[in-house]
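Okay, so subunit A shows up in both of these, paired with subunit B first and subunit C after.
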Partner chain A sequence: MNKKNQAPLFYVSKRGSIGWVRAWAVRGGAVLLALLVNGVITSLVTGENPLQVYAAIFDGSFGSSRKVWVLLQNLSMLLCVSLAVTPAFKMRCWNLGGEGQALIGCLAAAACMICLRDAFPNWAIILCMIVSSILAGAVWAGIPAFFKARFNTNETLFTLMMNYVATQLVSYYCVVWESPKGSGQIGIINPNTHLGWFPQIGPYKYLLNILVVAVVCVFMYVYLNYSKHGYEISVVGESERTARYVGIKVDRVIIRTMLLSGALCGLAGLLLVGSTNHTLTPTLVEGRGFTAVMVSWLAKFNPVWMILTSFLLVFLGRGAGEIATNFGLNSSFGDILTGIILFFIIGSEFFINYQIHFRRSGDKEDNAHV
Partner chain B sequence: MDNKIPAVTMRNITKRFGPVVANDKVWLNIYRGEILALLGENGSGKTTLMNMLSGIYFPDEGEIQIDGKDVVIRSPKDAFDLGIGMIHQHFKLVDVLTAAENIVLGLPGKLDLKAAAEKIRAICEAYGFEVDPAQKIYDMSVSQKQTVEIVKVLYRGADILILDEPTAVLTPQETDKLFAVLRNMRNDGKAVVIITHKMHEVEELSDRVAVLRHGQFIGDMPTAQTNAQEMTNMMVGHPVVLNIDRPEPVDPKPRIEVKGLTVRNIDGIVKLDDVSFTANSGEILGIAGISGCGQKELLEAIAGLQPVEAGSISYVGDDGTREELIGKDPLSIQQMGVSLSFVPEDRLGMGLVGNMDLADNMMLRSFRSGRSMFTDRKTPHSLAETVVRDLEVSTPSVSTPVRRLSGGNVQKVLVGREIASAPTVLLTAYAVRGLDINSSYTIYDLINQQKAKGVAVIYVGEDLDVLLELADRILVLCGGKVSGIVPGRGAKKRDVGLMMTKMGGKTDE
Partner chain C sequence: MFDFLTFLPRAVVQGIPLLLGSTGETLTEKSGNLNLGIPGIMYVGAISGVIGSFFYERANPDGLAALPAVLIPIGCCLLGSLLMGLLYCFLTVSLRANQNVTGLAITTFGVGFGNFFGGSLMKLSGSELPSIILTATSNCFRRSLPFADKLGAVGKLFLSYGFLAYIAVVIALVCAYVLKRTRTGLQLRAVGESPNTADAAGINVGRYKYVATCAGSMIAGLGGLYYVMDYASGMWSNNAFGDRGWLAIALVIFTVWRPNIGVLASFLFGGLYILHMYIPSGMNLAVKELYKMAPYVITIVVLVLTSIRNKRENQPPASLGLPYFREER
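Entry: the complex of A and B
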């Protein structure tokens, strides 16, 4: 048989549908496979026992109750930004400016804490913080939204650029408000008076953030799936022409949704300054605006799944830090392991949507009797 | 013919998509020097079968022989090497390149556009095409683009040509031209396969017909020995009546009055020029014209989707009140209490959302109802169930995304939703394009039912035979102007065809 006449070694076809159970079996298999590959790489490259490395990763998140709280705090902040960018994504409006929108929220909150501390009572300061940071985030998203709706500019580039503007603004004010003088940093704001610090629920420093984000999560789930606004967002995202055809005002939906998106990013910034860190630095948001993109996509824009995906990313991130300190490995090694796991998880979606047929041996004989 | 070796033999071909069997043990012979018409309803597996021949899909079972030799077609490149070329329904051309550039795109060897242009001219001369190798694709009409596609496969040395519904987008005149070219190819000894729904084209053009039904091969025969009725029965599986009803309009009264309507598109080109007409209740007004002569702009202007430069569109209510529709968007037209339904040409890109299920698509028209912030899901869900039951939509359930349905079922869902709101005006654009006979007749029936209810129907069609049978009056557009309005009863196809290409349809003395 010459080469030309051979059936291809394999070919790919789309699956009709795959059962719920089998889909999760594929995903679970992918994670196991990723752990296996990571194990091999770990022992080959570092000579460490992979099981100990995995134990360390687990310890990084669950090693002590403090670590669990940190995990939950990081999870909720990442989830908050992810929930914020999701309505825009669902509308196929690529808001990559979550970072800047959250940071500008941080700036607004810090500004209230610093500039109003001598004039206003604590409750008024907190009220101003809430209003101004949510407003600031909304404005930061509203500007690109306005230009997209009016002049059809590219929201991806626009929102991305707004991030740099926000970072530069914060850098500037870090010098203006530096404390102590000459340090170029702000340090903890109102360390003695605690003005503008959000109240702590009992002994749990992070509980307030977690509860607020839980409420946002429920709100977003209901908003996207059951409200008229949510339906409009889906229609605009799927087809702007269909939206116009049924009389949806597309411009208005784009601006409204981006304002919501930015407002929730601003809320994340508010929580970071008012509740968690009580300070302002240009890197305060820690790239969550970008990680949020991955969280939202991995969960296919479903707010409930996003709890899982943001947990996964935070868990892996904490684990990477833990093995870096425990084993004296470069912290990039943790990122390599994280990358491999994500590769397998994202790759597994291909096998859920497509089927691979291999050439059967004895194919020729099968058909010979026909 | 019996002792000829077939150019292509497909034996026992089976192809499954998940649980769906698209082709079930299909046998098919294709001969050189012959035009084969491949017939079948939507979803009967014609395109799938041909896609396996052109290397887009790989069969799950079965084998393919070319000139009596076993071959395996793994990719479109393999198909090209075997001399198989397919012209798809949706053209695959790069808009900003010229015809010649598109034709040589992807070929190995040095890029020599001059030599290519020479070869293209030679091909055009041999078969009677008209292609300017230096013309950009975006400057071309649909029929010119199709010509480029055909020249492209001939340039690559194809001698087995497959055309998937080539006439769906052509005018009668363009179709005649295409058929002349295809006959030239046949006489040159090439094998030609044409997929089509239009019976009169099959009878006019093909030498042999092969029929598929539900993915199975039903039979083939010389065209001369069969007729439209028999072929239709084979396709559908039971006898079908091939007549379109046209009851007399009951008490027609003016419903939509268009006066001096002028519309420019985004590029400032005049698409409608001083168009005036009246559409009456209880009557079907057919709109005929070469594609792109302003039909789309006309319907979209009435529906409030198209900015208008001049003129007026008045809606006349039952009590004689008049409302101006120009300057209103679909939402404000709806809020005015004008119940206007619109079945647009682009079903999945405009009328429906492909990724949403049937129930959510029903909601497109009604989701605003009620004061609550939340959407009412129950009413659209039961509407979807009603539409599925009444119009016999074949779908696994009402929670299936509509893009998974076949063309005919998609159209039933869209029409079902649009007539559910009890419209007084129904606009339809190419309502049966790409639909098989059974589905087409369902749609004609639905439109006639609306007419009987006193709805003013404006029906933009491309199949003149159907327009002449269905419409009470026919408005012919020519280059954005009204070329004439003729009564549907007694109108001659030739006259209407002339009016489409020339104002008033008069030949120069």
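Entry: the complex of A and C
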């Protein structure tokens, strides 16, 4: 058995920091490679020239001013949920419940619009909506956080289950408040009175959302990088034991951070109901709670880079939708393209964090000692 | 008033996809991999089987031989879900990527894959309905013992299912035995609990993770196939599979990582899933939506209770969700 004396073909070691320029060059390369693969796949499926496919993707996002606004609106909503889940992730607390927390925020906002419409003036309804959605989101995240802090209950699985409880709760209220009767849907709430609809800024329907999310983004950047809370979050995330040793109350940090996370998800739900859709359906959040996990992780939990990663995903989603309609494909094609891009980016992280050393033929003397 | 004789077999049929999904996921999680891609993998398994049998039915329009009609979809399904499992392993074990993110990406991809190819096949078949119907193949899958109807209640409760249902139960029991009673199972659990220790003891951590995750994916993929071929009578329509994949993950927690408990628990979940159709609620349709919440709420309760009681054998594998790198301390 002289096989044992042989060095392996390659071995892997952890890299030191490689600097953000090279790191982002690797990620950019992965995206380009993925786009190339996607182009090839799309032209195989549709039989179109790949350049036309890329043109269609671009057209889907920037084809008209309306499309640009829709892109920005989707971008801001995805960014809002991503920003919300980020502090929890930074603490290594996997909040996969962004979907449910945002949805419960939607539910709270819609409840205020429906139940208070005959009792309160418009400004009071909007105030109630803001308070109740943010509170609802916070409670929805606070329940798993409490059990995580107190009994170390697995938060990944707990928050995941809370999503579906929220979905069913919304389905329940969709039937309770259905209009017209028997349709099982709520439809547009207060279509004539516009009670509880957020004011529009000028002629731009989506501008309010975009501004709110921009403020949240700046807040989150400052909160994570320049505040005492942010510092505590990173210490807990790096090593819980160290955090305990230096006197950080880990339980409190976990609950506080999850409450913040849920509150911001609730805010996303509030914007979806109050400002964009004015309705309530069980699928209103459109899986953003799950996409947000990927957005946040791809940006390494940095709120500024998150603008870029959420743009990438929204851009692709819109582009794939355009391809689907142009070439008569089914709209799920977009999910396949997004999946492929994600696989490439996820894989590329390896080359940022690790280094591969190949066996060289001149190393024979070394191997004898190993 | 409550018709158990029709309710129970329906609950079992509902439960089998969950059983297969959760058995696969338990095997995967025991190796320390939290595969959140299971919902996507079940979609891929289902659509791969549908693609296989679709073309087989087309090639033989005047009647199918039973054996290939069953083996072709199963083979395609296993192959499709194996590939997804390999992809997951390559990213998380070899490239040490984050498991949650990889899993969610696989789910996005898998659901898209299923719906896209489902849509394409519908176009190919040129039918007006938004579904693919594979009755001939489904009949082969659903064939039960010829004397099952003659045995009355016993026959209906125990013998009225297609063969995949029995295979699912056998797989779950075998998995439970392997995990609990064999050396391989012991080593697999060691990998999931503490890969460092396992590695020091000379266990090939990477290989165990690969094999367990790929086998788990294939089992879960069969769950998707069972849903289409048996439960849905060979009818594929997009998104019909719904959130059953997540329910399978819930079931893993509910059974505290034991596939043998999963056999009965999956029937319970199946029953809870369809309970709303059997509850006499009169005109109040809204309450039905609340009944659908039951499996998730019960899972949360179990999750909380096991963590409060903190019994060591009921905990999730200790290194669940963490990538393993030998040089890291």
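We take it that the second predicted complex is superposed on the first by the 324 of 370 C-alpha atoms of A that agree within 3 Å, B and C clash if a C-alpha of one lies under 4 Å from a C-alpha of the other, contacts with A are read in each partner's own complex, and residues count from 1 in each chain.
By our rule, a residue touches a chain if its C-beta (ideal position, glycine included) is under 8 Å from a C-beta of that chain, and two chains touch if they have at least 3 such contacts.
None of the values given here were measured: they were computed from a predicted structure.
Novice: Touch check for A:245: first (subunit B), second (subunit C), both, or neither?
Specialist: first
Novice: Is A:358 in contact with subunit B, with subunit C, with both, or with neither (first, second, both, neither)?
Specialist: It touches nothing on subunit B or subunit C.
Novice: For A:204 in the superposed arrangement: first (subunit B), second (subunit C), both or neither?
Specialist: Neither: A:204 stays clear of subunit B and subunit C.
Novice: Does subunit B (first) or subunit C (second) touch A:24, or do both, or does neither?
Specialist: After superposing on A, A:24 lies clear of both subunit B and subunit C.
Novice: Can A:234 be said to touch subunit B (first), subunit C (second), both, or neither?
Specialist: first
Novice: Once the structures are superposed on A, label A:335 by its partner contacts, choosing first (subunit B), second (subunit C), both or neither.
Specialist: After superposing on A, A:335 lies in contact with subunit C but is clear of subunit B.
Novice: Using the touch definition from the top, say if A:8 reaches subunit B (first), subunit C (second), both or neither.
Specialist: The answer is first: A:8 touches subunit B but not subunit C.
Novice: Regarding the shared-chain residue A:226, is it in contact with subunit B (first), subunit C (second), both, or neither?
Specialist: Only subunit B is touched by A:226; subunit C is not.
Novice: Between subunit B and subunit C, which makes contact with more of the residues in subunit A?
Specialist: Answer, by number of touched residues of subunit A: C.
Novice: Residues of subunit A that sit at the subunit B interface in one complex and at the subunit C interface in the other, please.
Specialist: After superposing on chain A, subunit A residues 13-14 contact both subunit B and subunit C.
Novice: Within the complex, which stretch of subunit C touches subunit A?
Specialist: 34, 36, 87, 90-91, 95-98, 100-102, 104-116, 118-120, 238, 243, 246, 249-250, 253, 285-287, 289-290, 292-293, 296-297, 299-300, 303-304, 307-308, 310, 316, 320-321, 325, 327-328
Novice: In their complex, what parts of subunit A are in touch with subunit C?
Specialist: 12-14, 94, 96, 147, 151-154, 156-158, 160-162, 164-165, 168-169, 171-176, 184, 290-291, 293-294, 297-298, 329-330, 332-336, 338-340, 342-343, 346-347, 349-350, 353-354
Novice: What does subunit A use to touch subunit B in their complex?
Specialist: Checking each residue of subunit A against subunit B gives 4-8, 11, 13-17, 226-232, 234-235, 238-239, 241-242, 244-249, 357, 367, 370.
Novice: Name, in rising order, each residue of subunit B that touches subunit A in their complex.
Specialist: 11-12, 17-20, 57-58, 60-63, 70-72, 74, 303-305, 329-334, 342, 344, 346, 349-356, 360, 363-365, 367-368, 373-375
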